[in-house]
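Input: structures, listed below.
There are two complexes below, and they share chain A, which is joined by chain B in the first and by chain C in the second.
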Partner chain A sequence: MSQGKDEGKLEDLYLITLRNGPFAHESFSPSEDLLNFLWNECKVLVVGAGGLGCELLKDLALSGFRNIEVIDLDVVDVTNLNRQFLFRQQDVGKPKAEVAAAFIAKRISGINIKGHHANIYDQPREFYKQFNLVVAGLDSIDARRWLNETLIDLVETNDDGTIDVSTVIPLIDGGTEGFRGQARVIIPKMSACFECNLDLFPPQISYPLCTIANTPRLPEHCIEYASVILWPQQQPFGAGTKVDGDNPEHVKWIFERAQERANQFHIQGVTYRLSQGVIKHIIPAVASTNAIVAASCANEAFKLATYIANPLNNYMLYNGESGVYTYAFETERREECPACGRAQPKKICVSPKWTLADLIEVLREDTELRVKSPSLTVSSRALYYSSPASLEQATKENLPQSLDCLLEEGCEIFLTDPALPLGRKLQIFFHKCSKKNK
Partner chain B sequence: MMAERYDRQIRFWGEHGQAALKDCSIYFLVVDDKETSWRDLGRNFFVDEDAVFNHRFRADTTQRLLQELNDEVVGYSQTVSIDRFLKEYSSEDRLLPIFVCCSLDEQILLKTSEFCWRHQIPFVYAVSYGLLGLVRIAIPEHCVWDAREEMVAQELRLSEPFEELEQYCNNFPLESLDDANHSLVPYAVILVKAFKAFMDSHQGRRPETREDQEAIRLLLRSWMRTPTEENFMEALKHCHFIWMKSLAEPNESLQSILKDYKTEMEGIQLQVDRKDRNLKFWILVAAVKHFVIEDGQGKLPLKGSVPDMISDTESFIGLQRVYKKRAEKEHRIIYQRAQYICKQVGLEENFLSPLEVFEFCRNIRSIAVMRYCSLQDEFQNNTVLKDALKSCLDRNEEDAYFYIAFRACLQFHHQQGHFPGQVMNGSLSSKEPSLLDYEQDYIQLAHLAEKWCKSCDIVKNEKLDATLREMCRYGGSELHSIAALTGGVAAQEIVKLVTKQFRPLSGWFIFNGAQSTSATVSLCTHI
Partner chain C sequence: MLKLFSLKQKKQSAQEQTENKTSSNKTTAAELRLQKDISELDTGKTLSVYFPDKNNIVEFIVYCKPDEGIYKYGCFAFRFKIPPTYPHDPPKVKCETKVFHPNIDEEGNVCLNILREDWKPILSLNAILYGLQYLFLEPNPDDPLNKEAANLYRDNKAAFYAQVQRSMRESGAYYSR
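And now, the complex of A and B:
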């Protein structure tokens, strides 16, 4: 064993970075500098320390990245243990990001890894600005949209209007469901972004309310009845307490009410597991798909940082349900993308007699905007602020007012929402016959 | 508590899938006879520095660190050569449910796969080589109990209503229902009525032509009380079920499974004598076959479930009940037929549990049988391989060239004792450019590949040349991300083999990490 410690560990990485080959990127130049860059300069942020995040941290660390930070708001739950291999039974209840970072640091000596037990939405621009690469392993569409827009927002333009490439931080995004998954590379303002192809992730379909209330046929209908109709009526855990799918008492209450309803209608199949799944919209997750998608993201990160080969352009689908299948293709950048393109204000047709509350409801149901708590301003005058509470208090008197009292035909409204760092411009048109879609 | 740990995967492959995994994975065994090196620390997350300092075996260290993941599983390690392991193996003291080989040595690959083939152990090969990842599955026969591919709605027998369904439909006199109830008649009932009405007005003829289809659509529209009556809109959306080729009868692939020699009495007896691993599957197929011929008038048993459709609760539950009852009746007949077969071949009466039989019947439209080509056959230039590669290249799956390059690399290694472009341990530290040069190795590798191509009738082209150069550049290196991806695919395939759900990979999976593309070289007959 004449070999030194670091040389030994890096031998495989040296082989691939010190030699050129026909599949290398055209600007690849073999050199020791590449690994030095990975070691000393390149900073990577991993967003999410869940199923994908754990795999990503391991993969990046063993790919030569030595400056890694990870951010996650969650704590370890027992249902994580089947696939999130950096956590053990005794970690249940502890912050994921911190446990994961500590584990990696313990196993891989010399690595500089930091865990942030924090909400991504609360981090300032400067936090994101310090990284060379961001790799996301998130299950929430909202969080992925937010991150996408945040990185787009960081891109600056030169005086001549061209993009200042030093401000461009590539985003590598992975997602899984069962045996399916996808990995993609987003170069903000230069290639298709998350928002450009938001339609690849259709919004969740919910059961029609009249079915739930009047003609239940499936066990799911009974569970929805308990959580959507009975819960607000009966407020079983005190007024204003929302359903928490992680609270076993809550799930138990819904499960039992759902069972009663199912018995009444002779519907079979209401179980505790199904109840929890419906309440939390649980997506099945298996370790192998996470491993595959995370490894593919880490491979793209390594290629982006070294140019040993061409990074993915720009989307790879994975499907392991029948055989093993992948498909790589280029998604197109949308010129009128509201996040990365030159979007015109979105046209909204309303009846002048609608109230502001009606308008907000329509915006919340819009399948393109997909916002949950929008705030609205018109030529820097506040129409409605959903938060903080003091501003909500001050603006809510506008809610019952009719739109023709508040707005001019054709005026531009600016919408902000926690999910959309860039906000959206809307243009309001009056139409007497506008209907709220139902 | 423990069910909670597996919650997110039970939601995917169900309690029975989880039970199959549990039965199989109560232990794992790592066989490897090397000591842990610094290089291993750059490749593998489940080794640590302590192992290098204390000259511990990789097998022991990996076993110890993997064991931490799950204390319900017991891990073992054996620090012996694979030759010795195979020689000392006896299925009597330890039955291996799955064998995974990760060696880049051609001889070890062939030896281990041959061993598994002989013992009917599912064999999975998983390796990574630079930016290339490969997985291969080999087993004489794998039977899929539920490929999870079927479409439920297609087997409601709407154009061949069974007696109970027809009776049930009589409860809905469309003309005399009030508007509210009219708008809640399930589309299944509407379509049965439409089918009957068509037959009655066409001298008992089934709808076939475009005009017939249009006539049925018109009929449905004429029954609507308002232009947007939702249940009738659903009926219009699904009205092709009336004239589509019936799915009550076995399709082509199912027919060939039902016709297989293994469903005949001698075939089953032979499997009993040889303790075949798919015996249960084939007895069940035989039972279904007898049902189709003797009881079902050519039709498969019903699944027994009904997709959600607009309806009032009572009508829907009633419909569910009709299908479920009928299906249970059919499944019970199949259970009796299976018991009879068991008795005939000298198996115990409870060889098959009723639950197993019912589950099998419910999924009958989604069973599959896969018979693989062995690695021995493949490596002896079997014609199956030629065809498989050809069809890959015809489909423009150019990553098939990586298969050729990989085979040439294995051969190169066998002859030369090192991989093309490999830099010997330690010499990298000097980073002498001449040591990195792979031109000589490339020439020899290209020579091997050319011979190989000739024997397979494949034209050596520029793409293959580039692939060979790229392989020289990799020099037998192992990059962790590629290894992790390959390992993930192998793990997924193992889950499929154990749970008998989903269709496994049909041969080689080749992942080209340089271009993020992949190809499958199929070496398996599906029936």
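And now, the complex of A and C:
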């Protein structure tokens, strides 16, 4: 083994990777290769360097992962310091990913860690492709859906239609909200993905509008009254200005109106911080919840990398609100999942001189697609909508146009149709000689 | 048990990266879902939809023209804005026609449970269209946004009806058949 075996601090890693045990996965075989892989090859991407991210980085690095990259767009804020322990007062204003990576690199010798102060959306597919494992500690549903779909799109299929497992990158996703949290293991195209059970994700808390308007009982009701009902009425910062939770003047205005309303209804507890929290839909972060959920995620990462034990199958929820309640269960993969259930893009060869109407006719006659009234878009641009009437009117001018005026070679078209439970991607290729199969 | 596969696959190094920037944060799943919802809008004969920009279907207007009940012959415009988090979060809907209605206020806020607390990703835009139509057929005075309207609706249907007619005339909601 390359790294010094004499280091006693690695003793536990040897114990669990060099011996068999009753909890090991059936394909586990004790070997020095496991640690070699962990140290020298296995590349992990940590997405998010916030509350969960700090815990994840610490846990992964101390568990033996030595090739870690972390990506986060945020900079350190003073309110992070209570729980995001890789940051210090002097780091306020600096990029989280870079500060966190530097801290870990200093603390753990021999580690190869890199921070990216960047937006996940801006990274090319190739960036994600280089990792064996992605661990996410995000707080936005948008980012999770995007990451989920990106990893699904990286999965390639063999010629016989089976999945090319070398292209599968597991996603371990942690999430916390106050005293609640969850960890899940997503093996793209093989187990349930984020989109398969979007319903499982806790909905944003919202209150009935009539309660807010007439029978407030909670401080939150008063704050929502000020931001949802009074703001549009009074337009305090000029017509059309939207509430910005990061603008102190906006928050102050809402806080003061909410306080007036709270006094009127004898409701306690409206504060400036709560007002900002309600406007920005912030649920207070609890350091221990982050620690618990991140620990579970790091466990799963270690198990997936070594098979010393069976990985979580596939969802763990944790609730520390009254004592401790936790439960692991298997979420089912949905055949009709719009992300992982979708068929591969269908390649269509057309002549560039065909009209859009010709293409639609060919699609209608396709025995695999079986569509009746397709609607087509290309990179969010409408090509043709068969319904509703107003969109049909607005797009039918495209029907007599030739495809080379409307499309570019190789582009992807989104096809939806009432007969398809999901949409389908089509990839368009131009062939001068293409003839309609009539 | 989870189907077995090995993580031990050689990954290409970062140096082999080709520049191929993806700049969209939209997911295909979200776009396909919205395209499907839009192309399957069930407008029937009492609704019509107008898209200010056919290439930006996240914003549109639904005209609701009840063909029976108190609001018969009215035409009420609702502006729909689809958030990027749809269908996890519901569309934002505002009534742009002034109307005297127990569940719609002066600012056009609409009190419909599936627009807020009871929204679920499994619901579609059609569920909201049905909800809006129902609101004109059966106003709900128990969950009022316009208290004056709710009280009048409960206590004096004739006066309520007259007030509705007046408000429809004033706001130009009447449409000629």
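Methods note: the second predicted complex is superposed on the first by the 273 of 438 C-alpha atoms of A that agree within 3 Å, B and C clash if a C-alpha of one lies under 4 Å from a C-alpha of the other, contacts with A are read in each partner's own complex, and residues count from 1 in each chain.
Throughout what follows, a contact is a pair of C-beta atoms (placed from the backbone, for glycine too) under 8 Å apart; a residue touches a chain by one contact, two chains touch by 3 or more.
None of these values were measured; they are calculated from a predicted model.
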First, second, both or neither for A:N310, with chain B first and chain C second: both
Which of chain B and chain C A:E11 touches, first, second, both or neither: first
Partner chain in contact with A:A328 - chain B first, chain C second, else both or neither: first
Touching partner for A:F85 - first (chain B), second (chain C), both, neither: first
Contacts of A:S109 with chain B and chain C, given as first, second, both or neither: first
First, second, both or neither for A:T241, with chain B first and chain C second: neither
First (chain B), second (chain C), both or neither touched by A:N263: neither
Partner chain(s) touched by A:S27 [first = chain B, second = chain C, both, neither]: second
Contact residues common to both interfaces of chain A (with chain B and with chain C): 214, 310
Chain C contact footprint on chain A (complex, rising order): 25-27, 37, 41-43, 121-127, 129-133, 141-142, 145-146, 148-149, 153, 165-166, 168, 170, 185, 187, 190-191, 195, 198-199, 201, 203-204, 206-210, 213-214, 228-229, 232-233, 304-305, 310-311, 313-314, 337-339, 342, 375, 377, 380-382, 385-391, 394-395, 414, 416-418, 420, 422-423, 425
Chain C to chain A touching residues, read off their complex: 1-14, 16-33, 35-36, 38-41, 43, 48-51, 54-57, 84-85, 87-89, 103, 105-107, 109-111, 113, 115-117, 119-122, 143-145, 147
Residues on chain A engaged by chain B in the complex (per definition of touch): 1-16, 18-23, 32, 55, 58-59, 62-63, 78-79, 81-83, 85, 88, 107-109, 178-179, 183, 214-218, 265-267, 273, 277, 282, 284-292, 294-296, 298-300, 302, 308-310, 312, 316, 320-326, 328
Touching residues on chain B, where the partner in the complex is chain A: 1, 4-12, 37-39, 41-45, 48-49, 52, 68-70, 130-131, 135, 147-149, 184, 308-313, 316-317, 421, 423, 425-426, 428-429, 431, 436, 438, 466-467, 469-470, 472-475, 477-482, 484-485, 487-489, 491-493, 495, 502-506, 509, 511, 513-518, 520
